[in-house]
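Look for subunit A in each of the two complexes below; its partner is subunit B in the first and subunit C in the second.
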Partner chain A sequence: MSEYLLLIVSAILVSNIVLARYLGNCPFLGVSQKMDTAVGMGMAVIFVVTLAGMITWVVQYAILNPLGLEYLRTIAFILVIASLVQLVEMFLQKSIPALYKALGIFLPLITTNCAVLGIAIINIQEEYDFMHTVVFSFASGVGFTLAMVLLASLRERFPTARIPTTFAGMPIAMITVGLLALAFLGFTGLVD
Partner chain B sequence: MLAAGLAIGGLGLLAGVGLAVASRVFYVYVDPQIIEVEEALPGANCGGCGLPGCSSAAQAIVVGQLAPNACVGGGPDVHTKVAEILGVEVELKEPEIAQIGCRYSVAKADIKYLYDGVYDCRAAMLLNGGAKECPIGCIGLGSCVKACPFGALSMGDDGLPVVHEDICTGCGTCVRTCPKDIITLTSVSNRILGEYTTSECTAPCQRTCPAGINIPEQIRQTVLGNYLEATRIIKERNPLPLVCGRICPHPCEFECRRNLEDEPVAINYLKRFVADYERASGRRLQLFKAPETGRRLAVVGGGAEGLTAACFMARLGHSPTVFEAMPKLGGLLRTVIPESRLPRDVLDWEIEGILEMGVEAQTGKSLGRDFTVASLLKEGYEAVLLATGGWDAMLMRGQEPNVEQSVPGLYLLLPVSLAWALGIDVPVGKRVAIAGGGEMALDAAKHCLQLGAEQVTIFHRRSQQELGLPDSELTKLSDQGIQLLFRSTLTQLKGIDEQLTQLVYRQLASGNGGDSIRSAPGRFKETFLAVDTVIAAGGRLPEMIFVKVPSLEGEESPLLWQTISPYHEPPPVRTEGVFDTSEPMSDYRAAVEAIGAGRRGAASVHLYLAGKQVIPPENMITTVTKVLDVGQVENLMPAEPRQKMPERTTEERVDPSLEVELGLNEEMARQESARCLNCGLICYTRSKYH
Partner chain C sequence: MSVVKEFTKGLWQELPPFRLVLGLCPTLAVTTMAKNGLGMGLATTFVLINSNVIVSVLRKIIPGKVRIASYIVVIASFVVMAELLLQAYWYPMYEELGIFVPLIVVNCIILGRAEAFASKNPIVHSLADGLGIGLGFTISLTILGGIREILGTGEFFSMAVMWPSYEPFSFMVKAPGAFVCLGFLLGLMNIISRRRPAH
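Right after this comes the complex of A and B.
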């Protein structure tokens, strides 16, 4: 049990998918202007990442490995993830139209979110078993959401902050992200 | 190899089938209209409509959040198609195109430093607002050209962007990209409605011109020999160039930057030259007009102001009718200006041109006698603009002394007092309001009480302290039934049919320090007061726009009307409100000022009809606005001295019907126009730069 706990802490804080592994920067900067869309995006990513982790694990061990086609991993995973995101999009449009509208263009963008592909590949590289894959994928998604929420809560305060005009907009967001990443560096060593 | 192909292919097939099933399971009904509309839209995702893409625009159009003509990139074809799908009538949108507001490239402008960084205007902007001294000048790195999704912009040889008007869709992408806001979207209406603002490049002459003619462009076209185009530039702002070219006191020339070197450019002579050229060509210029709206408007007063207002209303697409009391149009231009300065055939030609724009005229019809404000509104005119100018000494008109009442319940103080002094009976209602102070107003108030008024209210612009009225005096007056309101001004009149019923006034909240209402705009409260008669202490009636108050009770109910004030220059030059007693109520010193006011009157009516607030743009340039300027000029091109206007000899002047000034000939006009420095905010033409 403690093993899973460590895996979770590691995925959320120590090797945070955005702030330590630098994956998924596009939605991280793109949707983090408002808290509610940031949370929505985070939830969508958790959902997609967990599902993608499970399915890609099955694809790897049920199809690619037995056929000796490990070298096709990337392309196979992209295919799976792309179809999965389509599915999620349809599902959201039907079931949670509010979230579907809030995410807008960023939902199809999850297709090209390298965090999703990255997590799927890490799962295989680290040779996790199925349970570990599920836990790690889910925790990585939570880590992504945490980073999103942190940045969104900071960016929501920008309008009231006295930012030099040169830095206004994207530059100050980048600087903030850098500082966040630096802060997360402090978790190094928390888990072996 | 086969296995690999099969594996990926199978995976793809599986995913495909899975998605096909899912699309059935998770099927969401989408209004087929949305899909149709989306297909009709151009799909450029330019964002000109304000939404992130064409698909969200399609949704918004179908649910009615956006108008069918919201797509700026599409143009009339798309609008018609969208309207067809929705089964509605489309109000075709006036085409808008981008216009570049800077005339001097970085190479020809004063600069602060040499920029050699990232080739993008927005990057250059970060370095102290760009290299130019001028805060609103083009940086010239072509970010707008790169941004244009339709390829309608290119960089010209002179280092400034050029708009290809036939390709430009008016989507506004360049406007949003330009960090200097020098690109604006313009349409005919916008150009008519537009006031010069502090964020625009304007020359001193242009800012000073009460009509706001783009003088640098007018003279540039004259230099190029495009005399008709020069006339068109003038007519864009002033529909009476022949008249103004002869009688204008040309305040523009006093501000001409050439004064710093020698003598001003003879702007007005040049105006007359190109206007005469148009007339001599025998062919009248066709000015751009906005699409017809079919809305009927009435203008009372056929002088310079009324004619201008009607002309601009027609150009904005409306159908105006001018009502003139005299048998012929022209007002003071016809009755006061001597023929030796303004030949009548010139005036007639000019007025003919205005009528050809789509202005109807009814002459010999007097407000209050032949028709009334209420009768016009009942006839279907949507607004009545009162532009009667300085011709309101009602007592003077006709054989028998009599006070006419042109607006229900409204008198001017002077004729009324005169009439009373002569023993003529001028009835007043039970509740009287007098706008404006002074002893005469007090006398009039007392006379009203004798005539049977029960309550008289006098509106003073200034404070009690300023007027030096002791409280005891006030008590005495109020015992008689005269109430004084200080630091107040009338802003609106309301009435039913031929009856004035109510006025709205503004009063500064007490205890605010300050003295008059003009020193503290904004800190006032608006109050209604029931009245039957208003007496205005001014030489004439101010411009007022009368409109119908929407009524729920159908056609049979009595007609409710109210006034709205056209916007003027913001304070302190002129304050809002119907009556401004501290000055002679827009009594124009020159025709050109009346022309400026006429255009603003038309613009105000247009804004009102469009459901917008009747206010000028926030950063509008007024006569007191401080704008960037230069105090000296250097490296000027060598130029001839100012041309002298050829005149008739003294012997020839015996005939008063002959025009004294003869006008410049083409050679003189060419020489004179070459003297123009083609000024911008701080730029001007020089022999060498930097």
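Right after this comes the complex of A and C.
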């Protein structure tokens, strides 16, 4: 049990998916201007990343490995993720319209979120078993959401701050992320 | 627009990742050294040129509704090729870039060029576009990697360039340094482009 706890702490804080592993930066910077979109995107990522982690693990160990097709991993995983996102979108639209309304616009964007494919590949490279894969994928999604919410709450204050015009927009956002990452660097060594 | 113009626009007007803020993950992750930036740039350029050409060749055949999925399959095929080529001929670089080699497939620059350019333009123009954008991306990554390598370790392409008593600023080769460095470069680009109005 404590093993899973350590995995969760390390995925959320120590090697945060965005701030330490550099994955999922495009949506992280792209939709973090407002708090509600940041939360929506974060929830969509948690949902898809956990499902995708489980399915790609099964694809790797039940299909690719027995057939000796490991070199096709990239192409197989991206197809699985793209079709999964499409299915999730259709399923939510039909059966849980409220959730679809909340997550709807973010779902298509997730196909090209490298955090999803990145976590699927890390699961395989670290040779996690199925339970570890589920826990790690979910915790990484939570880490993504945490970073996103932190950045959004900072960026919501930008309009009232006096930012030099040269740095307005993307440059100051990038430097803010840098400071956020510096704070997260303080968690180094918390988990071995 | 002429073929030459398609090529040169990737070097300034639409220079990724500075003018088009896309493809940030590889930009930030692998640029701890100039050499890694160069390797990632070349691998991305390989995929970009090939996918642009193939998408352009097939642009009248691919049905509109499944075009994104088709582009992803084309791109993923070339990424697998790049992975195998790196493994075979440049194994140390494959080890250095690690997970970011398969992740070229979700680099939004490549899908962006396929959707916005190659699917609407003839083959030669798409080739020039891929070459220009790819070259611009390679140069940007090498510059960013160079700055971080010089400040963070005092070396450039693994050769000592700073004075002997220089204390390496290890912040630059860690994650926060990547974000801050890119932020300052984007600010610098803003200053330059304001001095040189678009023509």
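The rule is simple: the second predicted complex is superposed on the first by the 176 of 192 C-alpha atoms of A that agree within 3 Å, B and C clash if a C-alpha of one lies under 4 Å from a C-alpha of the other, contacts with A are read in each partner's own complex, and residues count from 1 in each chain.
In this text, a residue touches a chain if its C-beta (ideal position, glycine included) is under 8 Å from a C-beta of that chain, and two chains touch if they have at least 3 such contacts.
The structure displayed is predicted, hence computed values, not measured ones.
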Legend entry - Partner chain in contact with A:L79 - subunit B first, subunit C second, else both or neither: both
Legend entry - First (subunit B), second (subunit C), both or neither touched by A:T166: both
Inset, instruction - Count the residues of subunit A touched by subunit B and by subunit C, then name the partner with the higher count. - result: C
Inset, instruction - Tell me which partner A:G118 touches in the superposition: subunit B (first), subunit C (second), both or neither. - result: second
Legend entry - subunit B versus subunit C as contact partner of A:R155, first or second or both or neither: neither
Inset, instruction - Would you check which partner chain A:V59 touches, where first means subunit B only, second means subunit C only, and both and neither mean what they say? - result: first
Inset, instruction - Figure out whether A:L67 sits in contact with subunit B (first) or subunit C (second), or with both, or with neither. - result: first
Inset, instruction - Could you say whether A:Q93 touches subunit B, subunit C, both of them, or neither, answering first, second, both or neither? - result: first
Inset, instruction - Could you list which residues of subunit A make contact with subunit B in one structure and with subunit C in the other? - result: 72, 75, 79, 82, 166
Inset, instruction - State the interface residues of subunit C toward subunit A in the complex, per the touch definition above. - result: 21-25, 28-29, 68-69, 72-73, 76-77, 79-80, 83-84, 99, 102-103, 105-108, 111, 171, 174-184, 186-187, 190-191, 194
Inset, instruction - Would you mind writing out the residues of subunit A in touch with subunit C in their complex? - result: 19-26, 29, 71-75, 77-79, 82, 111-114, 117-118, 121-122, 125, 166-167, 170-175, 177-179, 181-182, 184-185
Inset, instruction - Flag every residue of subunit B that touches subunit A in the complex, lowest number first. - result: 3-4, 7-8, 11-12, 15-16, 18-19, 22-23, 26-28, 52-53, 56, 126
Legend entry - Residue numbers on subunit A that touch subunit B, as the complex places them: 59, 63-64, 67-69, 72, 75-76, 79-80, 82-83, 86-87, 90-91, 93-95, 97, 104-105, 166
